[in-house]
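Next up, some structures in structure tokens.
In what comes next, chain A is part of two complexes: it sits with chain B in the first one and with chain C in the second one.
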Partner chain A sequence: MKIIHTREHGARNIAEFVYGGVVLREPAADAGDAEWADYLFIRENKAAPCWELWLHSPSGMWYAVLRDAGSDEFLRVVLAREFFAGGVLTDDDAGLSSSSSSSQESTPSQS
Partner chain B sequence: MPFSLLRLGLRGEGAFPLPPPLPLPLPLPGGGRKRRKVVVVGGGGHGLAAAYYLARDHGITDVAVLEKGYIGGGNTGRNTTIIRANYLTPEGVLFYKESLRLFEDLDRELGVNLMYSRRGHLTLAHTDAALRTARWRAGVNQFLGVDSRLVYPKEIARLCPQLNLSPGARYPILGALYHPPGAIARHDAVAWGYAKAARALGVEIYSDTAVTGVVVEGGEAKGVRTAGGVLEAEKVLQATAGLSSQTAAMAGLRLPITTVPLQACVSEPLKPFLDAIVVSGSLHTYVSQSARGELVMGGSADPAPLYSTRPTLEFKESLAANLLELFPFIGGVKVLRQWAGMADMTPDFSPVMGVTPVRNYFIDSGWGTWGFKATPAAGKYMAQCVASGEQPELLRPFALSRFGEFNLVGERGAASVGH
Partner chain C sequence: MSGKRLGGGFGRLIDRGAPLDFRFGGTALRGLRGDVIASALAANGVWALSRSFKYRRPRGLFSLAGHEANTIVDIAGEPNVYADLRELEAGMRVRPQNSRGLPQRAHPLALLNYCGRFLPPGFYYAAFFRPRGAWRVWEPLIRRLAGLGTVDEESRHRAHDKVYDWCDVAVVGGGIAGMNAAIAAAAGGAETLLIEESPLLGGALNYARETPEAGDAEAMRARLKAKVRAAKNIRLLMPATVTGLFADNWLAAVAAGRMHKIRARAVVVASGTVEQPAVFRNNDLPGVFAAAAAQKLMRLYAVSPGKRGAILTANDGGYGLALDCAEAGVGVAAVLDLRAKPPPSPLADAAREAGISVRANCGVRGAVGGSHLRALRLFSPDGDGGGRRTLDCDFLGVSAGNAGNGALLHYGGAKFRYDEKLAAHIPCELPPNVYAAGSVCGANDFAAAAEQGARVGELAAKNKKQILTLAASSSSPSSSSVSSSATVKNWNHPHPVFAHPRGKDFVDFDEDLQTSDITASWDDGYRDIQLLKRYSTLGMGPSQGRHSQINAMRLLARYVGNGNSDDGNGSDADAIGVTTSRPPYRAESIAHLAGRAFEPEKRTPMHYRHLENGAEMTVAGLWLRPAFYGGERVAAAAEEARRCRSEAGMIDLSTLGKIEVFGADAAEFVNRMYTWNYLKQAVGKARYLLMTSEDGIITDDGVACRLAADRFYLTATTGNAEGVFRAMLRHNAEWGLRVHIVNLTSARAGVNLAGPRAKEILEKLCEGTDLSAEGFPYLAVREAKIAGMPALLLRVGFVGEWGCEIHVPASCGESLWDALAREGARPFGVEAQRLMRLEKGHIIVGQDTDGLTTPVEAAMEWAVGKNKPYFVGQRAVEIRRKQGAAQRLAGFELAEKNAPCPEECDLVVNGNAITGRVTSAARSPSLGKVVGLAYVLPEQCEPGTGFMIRAGSGKLIEAVCAKTPFYDPENARQK
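What follows is the complex of A and B.
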């Protein structure tokens, strides 16, 4: 059993969470086909930390999670609305992403 | 042990002759030639099959297969060995039908006993929706000449009397898609067989030889990098299921692939009691009994991407709960081994095969949960693709370019995935 720590609910079983995909920046509505195809289908898919969305199903709260797809470690777990408001990101996060030879997908500032 | 068996064992020539020892490591760049016509990255079933058909069908024997670990040690040896052609899309059905055809005669052709065993394949339907899909699949299958039909509980009881067909079950079985040619085979032997046959035709196979880079100049693949130096090649084929994105990234390609673990396990050996291969999409379960008597069991793929082959308790809990719905009497049976493979899932549950934007760089990828049964056809037609440089007709629907054209092949007949 894997335990996920959240500020709001404490330590919870991973069975309470539903994976909701990687964090991507949606193209502008008038973007071309290539950009939309890229957004819809192409994934960086690296064995590295990457920001993802996870739903805590019992509370209905969405989380932004920095998870390492190589080690399955949950490195950061923050409420999605705070993540998208940009309030919780620090320079450390940016450093973590850039030093991990990572992709656009796992760079918080890109989301 | 009978004395004759001991003697046979000591002589080292059994019913399963292993390929001769492989030269390690790759003699590059000092002693060996620095250039091959074709380099195949990945020595699993698909890569070795492609090498074999390049030599057999196209006379291209100047081929080196480079394998990071040992041959057949990746997903070739981690699947649940099911072979079938009863998919849903016409594109998929035609492709897997060809693969099934090649499989049926393969042990004779390769001279290795693949323990190919035709069992009959039952895809159970527990809901009206599943029954409707089964009817749809049967229609597509029959139209394309694949033996497949809808059966109801009375006939299911005859085909697989071990199943819990009680109408009082939590998910009662309403019917099933029955596919008589459905089969299982020994998966490692498929890789060994292709390796043996390819070597006999002059193909070189190097295990313990990781490819660390792809040389691309002017949009054209020129070779691969290894610890022993650069190996130049006219053409490069990648067949690295589980690591497709990472291999393709070395050639500057980005793929529509997400890698997730797919877990499986086997029970302790039991006396033969289960002839059919039983699959339930609603219960996320598939099971067959191997020639060794082990129940080979699989479930749904893990929910989130991960580069790992670790199994989890959650998987076994849900698998056991669902299996006991179908076979309540196996409650006391112990799990003997467990493992996971890394499955390269695509958005449309179909493979990504053929030419790429990099000239002379070819991919055989996106094999999610449907790769083993495709081994012969993937090898044969990827060999044609590499030899001609053009996408073969049978592989046209599976080209990488389909995603940019929004022309996907929604394969809802794939196993282990939610649709």
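What follows is the complex of A and C.
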């Protein structure tokens, strides 16, 4: 069983975590139906580093995790709150999936 | 020799004073305490333990280490037991598993032995799968032949608890390298767990010798054992088999009927080697075994391997066995040394001095014998092949070489390279925090294994801090696998494969594969070892190729390299490679994986009141809820509902999800999470909640109570409470709204009090609270005291009567229940509640909706805010609305009053087309008719439209859409 290391809880068994899917940028409210359908149903399933959400279930804390889906390595683990608030991502963290936008902004937009 | 054991210095494991009676097949036999089944049988002269998989050839022990299928037997109630691993017990009833009757007696099926040329690789695919359906006819027969064992359905149930354990350093293997590693790791301050599969520490020191003096190994063993015992921070787990190594050093070990799950900061794999067979004609005859097996038979069990044996060797090991035989008084016909010019060796000299005949450049072309070895046909491997000499003997010890037992390293992701010079696989890349030492790395002599073990143990102990940091991908641990100063001796014969033109030269015992089967598979086009494995079944038996992979690889390398194949690449052994090794290392019984069922359950504070009232409890998620109180389900529910509708009823709602949201952005948060409008919800008011996921699917419903401008109290359904809470946390991690979200589900108890007398009961208990129609109207929320307890009162009407949900701290739940009962409220269960809500046409999320239901299908657009800027799932719901629903949920009644009541999931049909399904249906006692909810075509959902339901029996029932609520359509009673 894998171990996930978090700043808040130290080393914990992966069984304490719940997978919450790949982090995606939600399209703007006025985006077309096709773009929304892509966002909701199409996954790239890349064998590469990807930002994902993982819930540490006993504490109720959501984490953003940069995981290499090819090697199953957890490269970075940060609180999802801090991840979305910005400041966590660097220019190198290009693993954030994006269905269409090519912008370099570091947090997904949300109306 | 039956029953006779060797004397003196032999038989370390047996207790000569403790005879044990047991049976093999129908024969009564006697062994000794400490024997394994196979040694006890050998002591009784029983060598054939099974019949082989394909040709029904008699087979006996080879490794005496549980590596090949030959020794699989069945003991009462337990199939697939390795006779060379399982300790003998008094009264044990052992049966050969894959033979009818005793394996030494010929059986008509043994004729398959002579059908080899009709059973080429791929035979089963080619012969039994055509015509279509043929396999079904053949399968039972072939399964019976295959000897897969039988499950005893009468066997006693046993619990197989799991053990969870951890350590700084786990050392797998208690041989020379493993013991040294454990001692060094412990000296370095590590909490060390030493795991050994056999009942003895010492590995090869227990039976092998490196010097002419047998006592040298024993002295080394005693020294190491004393150090291990003296170290305070070494724990022993033995006998225990490590069956898997998983991510981040998570080990599975089976010991004493339990699965141990062990987390180690560092793992040292010192799992030794598997002695390899030499391939020659009839190399599978009982009596042909690994040299180490012969040594173990003598040293551990005082069983003589035979009267007069021969020894085939390519290293010092064979001479060690010869000296052991001489010491035990067992005759040695000759030591046959495969090497043309054996290098000088003190052991060989000692053997010659002991008068043992040694023949260099001598191999075995074939073995002779019916059910046991009688003689060997010899030849000279290097040169003209020699004459056709024959050597009479009744056992042959084979010491042609080893293969590193690297299965665990493979599981962890280690890479190996085939060293042509050593003729062995050596690990060249190890996973993080995994170390290897000893003969698994090719360190075949005692001193090298000891030095390597000590070095690696020291490294592993130092490593213990590193694992707590995030795994770095760049670390290169390979340097720790091979110690620099340890010299590695040449032990393996480079090619101990001597194909015979008449076959029966077995490469794989488990699967009965001869050399020609391997080369024929290559010629059939399977030119990748992974494909060849699946076609020929090489390495697919219980040993997973531990005794067959390397020889097959050598065979193919030479076959291809000699130009026997039209494509020349792959002439080198590493290019051929071996197949992937996967856990478990040894078969694990499903009982060990399952363990004891651990199903936590949640009980509400009123749980024992329900039991006292005779409730039938039902499971809802982890919760137990009262389904109905006594009697028969339908009648009991009807009676409970009748009482609620005529007097007053109460149901335990403690299982409902209860979530408090507070903070400056509380209203904005609730407004985003749910479909309706909550920004303008008045303080002191309750409002229906409907939640959708991002793809617009209904995931939950409940009630929102606005307790203050910045404070909401939300309920969620029993099964979804946790999911709703998680979704809230997740979305707000992204939104960053200024709210706190607190899950109060288990902290609060709740009761729904409903019925014509409910208000009167409440008034008695809530002195000083205005419960009048004006002061406490429908959908009002009040904080009040009930019988002295702080409570939240919600005026809602799920069951359609004047009702009030009363939420109190969990510690007050039972007192609240008692207070209400004293005033005459009668408990009703989930069944009655389902009936009453159906009469009101309310949906239950998960019953009347499924994973594809949006508010459009559920006909709940009324609960979707029209002018909201955003809610989770908004765009998806909008798109679904544009597309138009294929089905809509509608209430229905039956056209004929006496028609049978449909059941949930009965189909709604239109001619032959399935157009929907029934989600809820019940005969309503208060209405005197059947009412229900069903998905129907959108054009059918107008009240009065008829449609057909096909019952499970196939009978068609005529239904008519009806307006909901069915009961009290004006909602006059609940106001």
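Here is the rule we go by: the second predicted complex is superposed on the first by the 90 of 111 C-alpha atoms of A that agree within 3 Å, B and C clash if a C-alpha of one lies under 4 Å from a C-alpha of the other, contacts with A are read in each partner's own complex, and residues count from 1 in each chain.
We take it that a contact is a pair of C-beta atoms (placed from the backbone, for glycine too) under 8 Å apart; a residue touches a chain by one contact, two chains touch by 3 or more.
If you're wondering where the values come from, they're calculated on a predicted model, not measured in any experiment.
J.: After lining up the shared chain so the two structures overlap, which partner does A:Y19 touch, if you call chain B first and chain C second: first, second, both or neither?
T.: A:Y19: touches chain B, not chain C.
J.: On the A-aligned overlay, A:R81 touches which partner chain: chain B = first, chain C = second, or both, or neither?
T.: second
J.: In the superposed arrangement, which partner chain does A:S59 touch: chain B (first), chain C (second), both, or neither?
T.: It touches nothing on chain B or chain C.
J.: Just chain B (first), just chain C (second), both, or neither: which does A:L40 touch?
T.: Both chain B and chain C are touched by A:L40.
J.: Look at A:D72 in the shared chain and tell me whether it touches chain B only, chain C only, both, or neither; answer first, second, both or neither.
T.: In the superposition, A:D72 touches chain B and chain C alike.
J.: Kindly classify A:M1 by the partners it touches after superposition: chain B alone (first), chain C alone (second), both, or neither?
T.: The answer is both, since A:M1 touches chain B and chain C.
J.: In this superposition, which partner touches a larger number of chain A residues, chain B or chain C?
T.: Per-residue touch count on chain A favours C.
J.: Starting from the residues of chain A touching chain B, keep only those that also touch chain C in the other complex, and list them.
T.: 1, 18, 33, 37, 40-41, 71-72
J.: Taking the touch rule as given, give the residues of chain B at its contact with chain A in the complex, in rising order.
T.: Chain B reaches chain A through residues 245-246, 249, 254-259, 303-308, 310, 313-314, 347, 403-404, 406.
J.: Can you list the residues on chain A that touch chain C in the complex?
T.: 1-3, 5, 10-11, 18, 20, 27, 29, 31, 33, 36-37, 40-41, 53, 55, 57, 60-62, 71-77, 79-81, 83-85, 108, 110-111
J.: With touch defined as at the start, can you tell me which chain C residues reach chain A in the complex?
T.: 246-248, 250, 261, 263, 468-471, 473, 694-695, 725-726, 729-730, 733-736, 743, 869-870, 874-876, 879, 882
J.: Okay, in this complex, where on chain A does chain B touch?
T.: These residues of chain A touch chain B: 1, 14-15, 18-19, 22, 33-34, 37-38, 40-47, 50, 52, 67, 69-72.
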